[in-house]
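One structure is given here, and the rest of the page talks about it.
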């Protein structure tokens, strides 16, 4: 009996989790069945979502403990240029090791700034953004940016799926099955209580930067491999690189029926479907962000006001109050 | 002997207290010291060019719109929130003001700009309070909407204001508006219930609620103030740039955050919020931008230097209490 | 104690004022970070020329500080533009100062103000952030008696044009014929086999971008190419390209109206959509374009127009040296270096991209103080020669 009930609960949880992207996909399929009922479209959307998913995974550790970091884009750029530079000398191994080493060092630096100076993460993020963006420009101007064909394996099938699966396993395990993961959740729940329980919140937060940096290295490899190019940015414009992943994380954190790690995937995938669908529906480029924004508002608004809406409906039913015209 | 020990101990206590007092004072004044350092540094490097009457007038002009918006930004930040749609609101208000001035009447451009800003602030405030949206999401979406609206309203690269309005941009008008605006903001933030209640929201929403603060009304008010300020800034931006472009106000949001932080105010708001942070921070940002070009550092290193200075100033000026949880 | 600090501030301000009381405008060319003037010998030559008593050589070489306003050096065009302007300024024996933070109308005006206050005698800017700020800058330059010029710009507003025509300090502008370049690029794509094209713009309402697209649209209409969709300022070029290809599966080409460095992303999108034959026409060079041309992923690319900065500088320097090329305002059209094969790319790399494409001596021929026979027509003729063949000829390569 208990097994059946827990089985039905978990099936319900799974269904609720995937409901959002399924509904969105279904709606688009009604409008453009010629596109959305094709397997290749689904695979394309999945591939598109993955670089933002991995970035989202790198942010989920930090966001779970309340850290907001807008320097993610600048960190990706700087690590990418270093990786590309190393690839020109040492091939694909140089690219991989270069991205990982650069990303971790940059993350450690960012984390140390936060932890040692005890300044809010958003400020740390801004200063890191200014500094790393400039360094990325300077680095780009001193090397020849040529991305070899071998690097594209990270952005195409099957390489992108292999990297994503490995990253998912690592992130899921870290987040759910390690002391580190529990400590993150404790801090995210109530930091004061966590501290009084003996958790060194500063050390854990620093570790979220380091772990996030490692995951971001994989995101960098995927991004460079996927796009086949990388260009520096200035005047804080790299901040926009983290908006889409952040939106995915936010949606993911609001999906209560599943683990945040899975939620991030669902959130990013949904955003990808929505934005692609707008092109399929012929909506002008400049309005696409608006529609994505409105979608986000509707979803999060629905989620945060769900109980109020339920209460309202219950009250109306109970009182038999007719709906006003 | 014990009396001597007591005396020595008292002397040591006094010395320790003096040291702590000096440290506290330095910590409180570090932003001002940072500003002094910048002035001295660029003053020497530019051989006094920074402090020439002409350049001071330039600093006033360049920092004007930022000051207007930053002062209002303090109201929102004191509640522990950020308004990411500020820049887009400035841009959109600028466009509306320009269109009004061109097609209806120049005199109506300022009330239109203010009303547009007010409407945006009201929508932001209602989204956050009544619909319980996270402020980041609500403001980000507003940014997207306003950016699209601005791009739709501007058909070419920019639209020009009527030539007759060029003479409106005078230091006298700006000075008068600035003085009145500053007075209103300082009085409102420091001496009225509004400022005190907004600060209490930054400390603890629950405690504020228990104290009888109408949370929703105060939050909406903060965003409305921010929106109105953005509207006024949009109008003056129109006068300064001669019209409106799709890029107007693009960097305003980050400039405001940077200015407030430079000014020594905590981003989490609360009791330590101070309106002087807006003034000092705006001065620091504007002098930094101005001084770097005067000194010839306008190339690749410009942003790097800004970033390092940003870090240095906040590292020294930001108050850190080991008991406070930093997020 | 706070009063003491305020007093300290006052003292510091006073000290700084006194420190600079001899130099209110900051015209001293030694007090700023600068590229050192390497052309002292050419300056000597010029002085010699000036004292030669030649009646045609009006004007004189004067200390010059050139202020350059741009969006920075994050992209290839920004980076090469910077370098290209420095060639001209060095040839004139001047000092180059830049402000690379001008990404909006207000920051362009602030940059102009700051550069003028820094003592610049000439400023140059582009109207990528909107042309409504041009009258403000014009007024600023008139008040401060600073010459100014625009690069990569054509003013579309008739009122603004009329206003700046009256400005004695406005020299003129340089621009590429964006419409013509867009037209020719689309034509080349059509001739190569393109039938259904997706247009990609790198920004919203940017005149340079829009004019290129206008030219491309005209060519597409004439040659029967269908323009299926327009992507505008995407955050992720590959994603946007893939989405467009899914929505418009007949698409076989992209017209990339700028930000050429994104063409590998578009090519990758094409390949993943299963298209073996596709065509991409782009603007703005990038490091990887050789490989893309070799692979056939890139059909044609226009770039090498960094000399727009060089020649607008020379125009303004002529005016500043009291040897204007014309009493009227004038526009000089800069040709693109168009590459449509790997051989073109190799020639470009070998002759045009290593070091300066012009030597100081070659550029001094465009300054009337060094070349008294220079006229507006010969200036324009020289500019119109800008090409790989011209570079090879000047470097003595067959």
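The chains carry the letters A, B and C, assigned in the order they are written, with residues numbered from 1 in each.
By definition in this document, a residue touches a chain if its C-beta (ideal position, glycine included) is under 8 Å from a C-beta of that chain, and two chains touch if they have at least 3 such contacts.
Worth saying up front: this structure is predicted, and the values here are computed from it rather than measured.
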Maximum centroid distance from chain B, chain identifier (CA atoms): C
Pair of chains joined by more contacts [C-beta pairs], A-B or B-C: B-C
CA centroid of chain B to CA centroid of chain C, Å: 34
Chain A and chain B, separation of their C-alpha mean positions in angstrom: 30
For chain C, residues that touch 2 or more chains besides their own: 72-73, 100-101, 103, 204
Of all residues in chain A, the ones touching two or more other chains: 137, 141, 234-235, 243, 286
Residues of chain B touching at least two other chains: 151, 251, 300, 302-303
Sites on chain B touched by chain C in the complex: 25, 29, 32-33, 35-36, 39-40, 43-52, 54-55, 58, 61-62, 65, 151, 154-161, 163, 166, 237, 240-251, 289-290, 293-300, 302-303
Residues of chain A defined as touching chain B within the complex: 65-68, 113-114, 117-123, 126-131, 133-135, 137-138, 141, 191-192, 195, 201, 234-236, 239, 243, 250, 286-287, 289-290, 292-294, 296-297, 300-301, 304-305
For the chain A and chain C complex, residues of the former touching the latter: 32, 35, 41, 44, 48, 137, 140-141, 144-147, 152, 155-156, 226-229, 231-235, 240-241, 243-244, 272, 275-276, 279-280, 282, 284-286
Chain C - residues contacting chain A, complex: 71-75, 79, 100-101, 103, 204, 229-240, 242-244, 246-247, 259, 261-265, 267-268, 272, 286-288, 291
Sites on chain C touched by chain B in the complex: 1-2, 5-6, 8-9, 12-13, 15-26, 28, 31-34, 72-73, 82, 97-101, 103-107, 109-111, 113-115, 117-119, 127-136, 139, 156-157, 159-160, 204-207
